[in-house]
Amino acid sequence: MSTYYAGLLADVGILTLGGLSVYIILATGQLSLGNAGFMGIGAYITSYLTVTLGLAITPALFIAAAASGLIGIIVGFPALRLRGIYLAMATLGFGEMVRSFFLNLSAMGGSSGFHGMKHISVGYIWLWATGVLLVVMLLERSRVWLEMQAVHDDETAAGLVGLNATAIKVGAFGAGAAVAAISGGLFAHHHVYIEPGNFGFERSIDFVLAVILGGSTVGPGALVGSLVLVMLPEYLRFLADWRLAAFGVLLIAVLLVRRQGILDRSLFRRLSLRGAA
Amino acid sequence: MTAPALLSLKNVTKLFGGIRALADVSFDVAPGQIVGVIGPNGAGKTSMFNVITGAYKADSGQVVLAGKDVTNQPPHRIARAGISRTFQNIRLFGGMTVWEHLLVSQPHSESLMRRVLPMRWADPAALRRAEEVLAFFGLEEMKDRNARSLPYGLQRRVEMARAVTARPKLLLLDEPVAGMNHDEAEGIRKLILRLRADGLSVLLIEHDMAFVMNLCDYLHVVDFGAMIAHGRPEDVRADPVVLEAYLGRAA
Amino acid sequence: MLLQQLVNGLTLGAVYTLIALSFSLVMGILGVLNLAIAELFMLGAYFGFTAIIAQLPLPVALAAAMLGSALVAVVIQKVAYEPLRNAPIVTPMLSTLGFSIILQNVATNVWGSDPLQLTDEVLPGRLTLGPVSISTMQLLVMGSTVTLVAILAFVVQKTPAGRALRAVAENRDVARLLGVSAARVTLLAFVLSGVMAGAAGVLIGMHYAVITPYMGVDIGLKAIAVMVIGGTTRIWGALVAGPLIGIAEVMTVAYGGSQVRDFVVYGLMILILLLRPQGILGGSRSEQGQRV
C-alpha cells in the first residue's frame, strides 16, 4: 500500500476513535462540541510520556486515557446543569480553553508545537480502533447501554426505574474523554508532530460529523462516517476546486434525506445477516 | 391488630413559594392494600406522588417505607427501595421497544460485570423476568415494537409493566385509566387485582369514581393540599365534606 | 495607553455586538445555532469590497454587504433550516455547517484564497482627542453599529413584525394560534441576522483593509461566547457583552499576552453558563422562556 493511502487509512482510524468518543456521550443525550480538547490532552500526555519519560506507546496510551477520563468525569459534573444547545456551547468553550491552554504551555512547545515522537504504523492504529469499536459494539448489547438510552430518552422516568442518571451521564463523559485521548495519542505518534491548532473546534466538528453522517444510533456508524469524511474528498478530486463545496452539499443532502445517518440499526442488522449467510 | 404500615406519610408539607401544595398530610398504606387518593383538580394529589418518589423535596414531614425513612432521598434510591410509579401523561422511553423497557427496569444489579456484558449471556435471569412480565400484561406480540408507536391503552400497559418489573413493594398509579373506555378500564382493574394477589400494594390517583369505588379498599380525599376525609369507599361517598369539596369547586 | 486600548476594544466590541446579535436573533427565536453566520460575515466583507473596488460610494458598499448577506441568509433558511425544523437541534446546526463549508469554497473560488487587500484607505483621517486617537474608520464602525442596533430595536419593539418576532420567541405554538405566521417570522429573523452579520463583515473588513475567506471562523466562535455572556434570552445582552468582551480581549492582549486571550473569554462563557445562564442582562432565571 502506498504511503499516501496508508496515511488516509490512519486518518480514518483516528477519526473513528474520535467519532466513537462523541457517540458514547451522545448516547446519553449530551452533545459535546469539545472532544478535540480531550484529544489534545491525550496527544500531549502520550507524547510527554514517550518522548520525555521514555515510556512505550501502549502503556502511555492507557495512562493518557485514564487521565483524560478523569478530566472528562470532572467536566461531566458541571455539564449536568446544562441541556441541549447550552451544553453544546459550554463544551465548545471547553475545547477552545484546552487549545488555548496548550498554546500557553511552553514546556510542550506552546504555539511552536511538539515533536520527537516515534512513528507508529497504520496497523497499530487500527488495532486500537477496531478494539475500541468492538468493545463499544459489545457494550451496545449490555444493560449499561439500555440505561444510557433510557437517560437519553427521559431522565426523570429513568430515575424512577432506579437508574442513577448522574452517574450514567458523568460516566459517559469520562468514557468519551478516554476514547478521544486515545485518538489523540495515536494522532501524535502517527504525524510525529503536534500543535494546539490540531485540536480546535474544526476537529471537534469532524468528530460530530463522522457520527451524524455515518450513523448516530450504532457504533459502526462512526467508522462509516470517518470513511466518508476522509475518503470522499479523494473521490471528489475530479471536481478540483469545488471539492469542498460538493462535500458540503453532500452533507446537507444526507441530513435532509436520512437523518439518522447512513448506518442505522435495521440496515446494520440486514448487512450482518447477509454477511453471516 | 394491624400489620405495620408499608408506606407511612407523616405530616408532609410541600410549599411552592406561598402556596401549600401539601399541608401536613399523614396517612398509611398497609401491605396488600389498594388505596385510592381522590380530590378535585389541583388538590395536590400528584404533588403527593412526587414527594413520595423523591421528585419533590418535602419541606417538612417524613416518608417511611417498610420502616425505613426515605424522605428526600434521590429518586433512583427510592425506586430501588421498592417504590414504583406511572405517570398521568405516559412517560415511556421514546427510542426503545417494549422488550427493552422491561430489560432496563430490572432490579438494580450490583455486579458491574453483569451490567456491561451483553445481556443475552450475562443476565438470563433478567430475560426470564422480562418474559414473565410480558406474558402477565399480554404484550408478547408487541415486544419488538417501539413502545410509543403503540395505541394509547397498550402504552399504559407498557408503563405499568415497566413499573412492576423490579418487583416493587408499592406501586403508585397516576390516573391509570384516564381516557379509557369501560372495557379498557375493566382490563386495568383486573390487572391491578392480579398484581395485588401477587403481593403488590397499590396507591392510586383517579378521577373515574366508578373505577375507584369498585377497586379500592380505602380512600383518602385531598383538597387544597390537605386531607379532608378518609375511609372506606361507601363511607367517603356519602361524606358531606367530600361532596362540598367537589361541588364547591364546580361552582 | 489605557484609553487608546479602550477605543480599540470598543471597536472590536462593536463588531462582536453585531455578530452576536446575528446569532442571537436566530437562536433566540428558533433555538438553532446557525454556524454559517461566520460566513455571512465573511461574505458581507467580500460584497462590500467588490463594491469599493468598483469605485462605488461607501453607502452603496455597506448596502451591498447587508443585502447580499441577507439574501444568502434566506437561502440558508430555506435549504438548511426549514426542512429540518423538527429534527433535534444537532441536525439543522450541522446543516448550516454544510453551508459554511460551501460558502467558504465559493468565496475561495470567486475571489481567491489569498488575502484581498484594499489599495487605498477607505476613510482616511484620524481624530485626536487629547491622549486618544480615533480613526474615522473606527468612528464609522461604532457609529454604524449604534445605528443598526437602534434600527433593530425599533423594528423589534415598535413594529408589528417585531411583535410577531417576540411572540414566536416566547411561545411558538401560541403565537401560531394567534395568527402569527411562524414561517414569515423565521424568514424575518434570518434576514435580520444576515443584515447584521453582513454589516459587521464589511465594517471590520474596511477597518483592517484586508480580508480572507477564513476570516469568519474565529470571530464566529467568539461571537457565540459574546452571545452567551450577554444572555441568549435577551438579544440586547449582546449590546453590553460585545464591548465588554472586546475591551477585555484587547486588555488581555496588551497586558497579559495574546495567548491567554481565548482562555479568558471562553472561561467567562463557561462560568456564565454554569452560574448565571441567563447572561448578564438576562433577568431572573425564571424568565428563561423569554427570548427576544
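Chains: A, B and C, in written order; residue numbering restarts at 1 for each.
FYI, a residue touches a chain if its C-beta (ideal position, glycine included) is under 8 Å from a C-beta of that chain, and two chains touch if they have at least 3 such contacts.
Fair warning: this is a prediction, and the values are worked out from it, not measured in the lab.
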| item | value |
| --- | --- |
| Chain separated most widely from chain A, comparing mean CA positions | B |
| Chain closest to the middle [Cα centroid of all protein chains] | A |
| Where chain A and chain B are represented by their mean Cα positions, the distance between them in whole Å | 41 |
| Euclidean distance of C-alpha centroids - chain B vs chain C, Å | 51 |
| Chain A-chain C separation of Cα centroids, rounded to whole Å | 30 |
| Shared-contact residues (touching 2 or more other chains) in chain A | none |
| Chain A partner contacts - residues on chain B that touch it in the complex | 53-55, 74-76, 79-80, 84-85, 87, 91-96, 100, 103-109, 114-120, 122-123, 126, 162-163, 165-166 |
| Contact set on chain C toward chain A in their complex | 27, 31-33, 79-80, 83-84, 87, 89-91, 93-95, 97-102, 104-106, 108-109, 217, 221, 224-225, 228, 232, 259-263, 266-267, 269-270, 273-274, 277 |
| Complex contact set, residues of chain A against chain C | 31, 78, 81-82, 84-86, 88-90, 92-94, 96-97, 99-101, 103-104, 110-111, 201-202, 205, 208-209, 212, 241-245, 247-249, 251-252, 255-256, 259 |
| Partner chain B, residues of chain A touching it in the complex | 138-139, 141-144, 146-147, 149-150, 152-154, 156-165 |
